[in-house]
Amino acid sequence: MFLFLCAVVLFPLAHAFWTSLLRVRGLSSRFVGAENYQHVLTDDAFWHSLGVSLTFTVACVVLHIGIGLAMALLIDELRFARTALRIAFLTPWMVAPAVGATIWLWLLEPQFGVVNYLLQAAGIVSGPIAWLGTPALAFASVAAVDVWRGVPFVMLLMLAGLATIPREQYEAAAIDGAGGWQRFRYVTLPNLRYLLIVASTLDIINTIRHYDIIGVMTAGGPAGATEVLPVLLYNTAFRGNRFGEAAAIGVLLLLIVLAFSIFHIRLTRPDRGAR
Amino acid sequence: MRGRRVQWLRWLVTLVALVVVVFPFYWMLNTSFKPASEIFLSPPTFASANWSLDAYATVLTRRPVGRYFLNSLAVALGTTALSVTLAAFAAYGFTRFFPRGAMPFIVLLLFTKMLPETLLIIPYFRLMSDLGLLNTYAALVLAYSSFALPFSVWMLIGFFRSIPRDIDEAAMIDGATYLQAFWRVILPLARPGLVAVALFTFLIAWNSYVWALVLTTDSSMYVLSVGIANMVGEYRVQWNELMAAAVIAALPVMILYSLLERHLVNAITAGAVKG
Amino acid sequence: MRSLNPLAAAVIACLAFSASAQQPIVLQWQTANLTESQYEPVWKATIAEFEKENPGVRIEPVLVARKDHWTKFVAAAQAKKAPCIVTVDLTTAAYNGYLMPLDKYWNAEPAEFRRAWSEAMLSASKWKGQLYGLPIWGGTYAEIYNRDLVTKAGLDPAKPPKSWNDYMVWAKKLSGSDHWATAVLGGKTDTTTRILLMWIWSNGGEAFNADMTEATFAKNPKSLEAIKFYLGLVKDGVAAPAPTTTNYLEQTNLFAQQKIATMRNAYWALAKVSGDNPAMKGRMFVAPGPANVPNAPTLTSVAASSISASCPYPEQAWKFIKFDAGKKWTVERAKVANWMPTRNDMADDPAIKSDPLLAQFVQIGNNARSYPLPSPIWAEIAANDIVDAVQKALLAPEKTEEIFTDLDARLTKKLKDV
């Protein structure tokens, strides 16, 4: 059974790595060694895409964790309609990402979208805003939608974590004269540490490989402002039909994510051995 | 009183957040009730005198949404069963027999998640095609299981670790083998964790699209996400029907989660927090 | 496997054993059109009739969303299990070895059958001199106007603009504070490229050299002039804002909701608009797009049915393709889905003649270049590189020349690398 698991894991990895060493043209392929990597690494599009990916991932993960934690703290204290509230806040996670992205696409539509309508009706803006039309705004919009998608999961984990913190710790801190912020810093955070690490690591991995939202909303536009690596990879593979190169991008992406994760875990768990 | 004011403030912020989070889903419902000619009106209508269940009726009768639903259910349940079983065995093995192998194994599993799906489509298709598993539930179950495993194993390892070995030993002193100890004693204790993993896996399998797209060609085997995507024609899209189908797709997950939410929180609590 | 009642399975097995009848040949058919709701009754009828005439052959439709059609096809083709009958980007698929050459079957057909397709039409389905598909339907692009908005602006629907200057006069009159004359397409699909090409041709320019080894967007001054004019419509205030997110869907929405008075689109857009806003039905008129040179060609997008390289029953597949290309189904497609015929013997067909707009489109289509352009990397160029350049130019109009010179260099490099 472990063999099965290993096979399931290793097969796609091996295949991707092998493909990255080939120049694939339809059904025929030719071994070209590191040529694909050379091609990819000297292409501006790759570095630009990498930059976008990193910015996007860092921004989104920080917001996911931050807002998720804040939301958890917020609704933890509320007793009324507890379950209903939690389900409601989990909705974005339960709807398929592509469906959610399509709806946001509409809501943000310049002429017919509800968001512009509401903003104009409230007098906040004078004319329709093209949320996905200009680079900076498009980036912010897809990031916002990704935050909408990603917060529920973090919030759920945090809620669970908060529920385990023993009351006594808070009471002890209060007796010692700690204010709200200090209680948060010295009681809440340390208790949530492991959960935060789990949540953020998974979140990084999920966000950096996420395709659906950007694929549906902007397909990497405008002018490449939202072209994260998964989008570049998809375009290279299925629009450009250059599978070897796409595999190379994929392997590079994997190495980047691996490095990122290891760095992240090292940074946040220096005392792991103590457990 | 200061406490009251803080409570009101909490509620206010929660309500605002709730609106932002739930609004897209409300828009889904709104659109699914509208007649086709009202969908792109400017200004948009929030509630319409013409609301009806026509779109739902059409979707359920003219398109085999019922069949898609069953397929999704079969695949999701199959994935959940397989995944939970494998994860449970893996977690048990790693906490009882190879404790130091846990972390590297998890990292290895995470590798599959780090590769974007785009790269895996073609090798998986070839593999399933060679195994004769195209257009079967088995293919999808295998594919989804491989993605759901990392988080499941991670969570269950945390959970199993919190169950002291004395319990195993007590069972075995009574004459049980390792397997029997696992089955009769450990598993029931770990039930909340298993429930959490099951819910999480179900969600992944239920909403996934790319795999079903590629691995099934017979429309009687399509799952809901594929059925919904197929409603997006280029020359004409029945948005209200599409949204009706999307709502139908989202409902089971919501129902499942609301029924089992308590277990979920308990599970994450006990399992992951303690590491 | 799908769960079969064991008893039923046993019975079926016995029957299969005892009957000496042949197993039916199953041909899979994949085209993105199968998921177009208005086409559904037609393809079902097509299959039903074909199967009746050809017992022993079953056609199994493969339904897939348009945006994922190519992905699914490639995944299957790579494993040599692609559906037998497909409609895909012909040059790219042929170049990659996914399609079977059809010359053998084509040449075996009687001359009167082959006469129905002009040489120009067939050349769109050829790669390196071999025929890889039979053109089934097409879409000719023209300028579609909203009659009511035009009359309201004091313009004469019987005299649509012929030159760019005339067009600008119309455009200025048709624009106001919250409505515009037209929309510039800058979204990330290849439709953006189609419209751009038409504007380039209408100025006598060219986007590529004759054998598609060099790009001349900026190199050809007439092309650059056209690009600047067309993209400049936004700056001039006569085109709807947010062009970088405007695709076919947004454009037809704007038109249906009367936010723009004219659009460059294909015949099928008429049905889309009427579907979105029934009040628009019959309120549209059509004219060739404005041009600065006489006889400027428009664009016809051609879709052909092909046989995939791994098909084990090419003769039966060809039979179906011929059947589907017949007059009856061509007319049906035109009627319900507004896909234009590629046969040249349809002009006198009563169904075509009775629809004046269709007849006009057919006439406009007599002077058209086929699309996609014959390059194996066209799918990528059209949907990625050219669109990126258009988007960049829309965001920074003062850099248009620089952006397109850059595009020329990049495309030429890619084309030479093929």
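When the chains are written out, they are named A, B and C in that same order, and each has its own residue count from 1.
Quick note on the criterion: a residue touches a chain if its C-beta (ideal position, glycine included) is under 8 Å from a C-beta of that chain, and two chains touch if they have at least 3 such contacts.
Remember, it's a predicted structure, so these values are computed and weren't measured experimentally.
Student: By CA centroid distance, what chain is farthest from subunit B?
Tutor: For subunit B, the chain whose C-alpha mean is farthest off is C.
Student: Tell me which has more C-beta contacts between its two chains, A-C or A-B.
Tutor: Per the contact counts, A-B leads.
Student: Please tell me the distance, in whole Å, between the geometric centres of subunit A and subunit C computed from their C-alpha atoms.
Tutor: Those two chain centres are 36 Å apart.
Student: Averaged over CA atoms, how far is the centre of subunit A from the centre of subunit B? Could you give it in whole Å?
Tutor: Centre-to-centre distance between subunit A and subunit B: 17 Å.
Student: Going through subunit A residue by residue, note those that touch at least 2 other chains and give them in order.
Tutor: 111-112, 238
Student: Could you check subunit B for residues that touch two or more other chains and list them?
Tutor: 40-42, 122, 229
Student: Would you please write down the residue numbers of subunit C that are in contact with two or more other chains?
Tutor: 71, 74, 78, 253, 257, 259
Student: What part of subunit C is in contact with subunit B in the complex they form?
Tutor: 1-2, 28, 32, 35-38, 60-68, 71-72, 74-76, 78-79, 81, 83, 248-249, 253, 256-257, 259, 268, 271-272, 275-278, 337-338
Student: Per the contact definition, I'd like the list of subunit C residues that touch subunit A in the complex.
Tutor: 70-71, 74, 77-78, 80, 92, 95-98, 186-189, 240-245, 250, 253-254, 257, 259, 309, 377, 379-380, 383-384, 387-388, 391-392, 394-395
Student: Where on subunit A is subunit B touching in the complex?
Tutor: Where subunit A meets subunit B, its residues are 1-2, 4-6, 8-9, 11-13, 15-16, 19, 71, 74-75, 77-78, 83, 85-100, 103-104, 106-107, 111-114, 117, 121, 148, 151-152, 156-157, 159-161, 163-164, 191-192, 194-195, 198, 202, 205-206, 209, 211, 229-230, 233-234, 237-238, 243, 246-247, 250, 253-254, 257-258, 261, 275.
Student: Across the complex, what residues on subunit B touch subunit C?
Tutor: Touching subunit C: residues 36-37, 40-42, 121-122, 125-126, 129-130, 134, 136, 213-214, 217-222, 226, 229-238 of subunit B.
Student: Give every residue of subunit B touching subunit A within the complex, in rising order.
Tutor: 7, 10-11, 13-14, 17-18, 20-25, 27-28, 40-44, 46, 86, 89-90, 93, 108-120, 122-124, 127, 142, 145-146, 149, 151, 154, 203, 207, 209, 225, 228-229, 246, 249-250, 253-254, 257-258, 261-262, 264-270, 272-275
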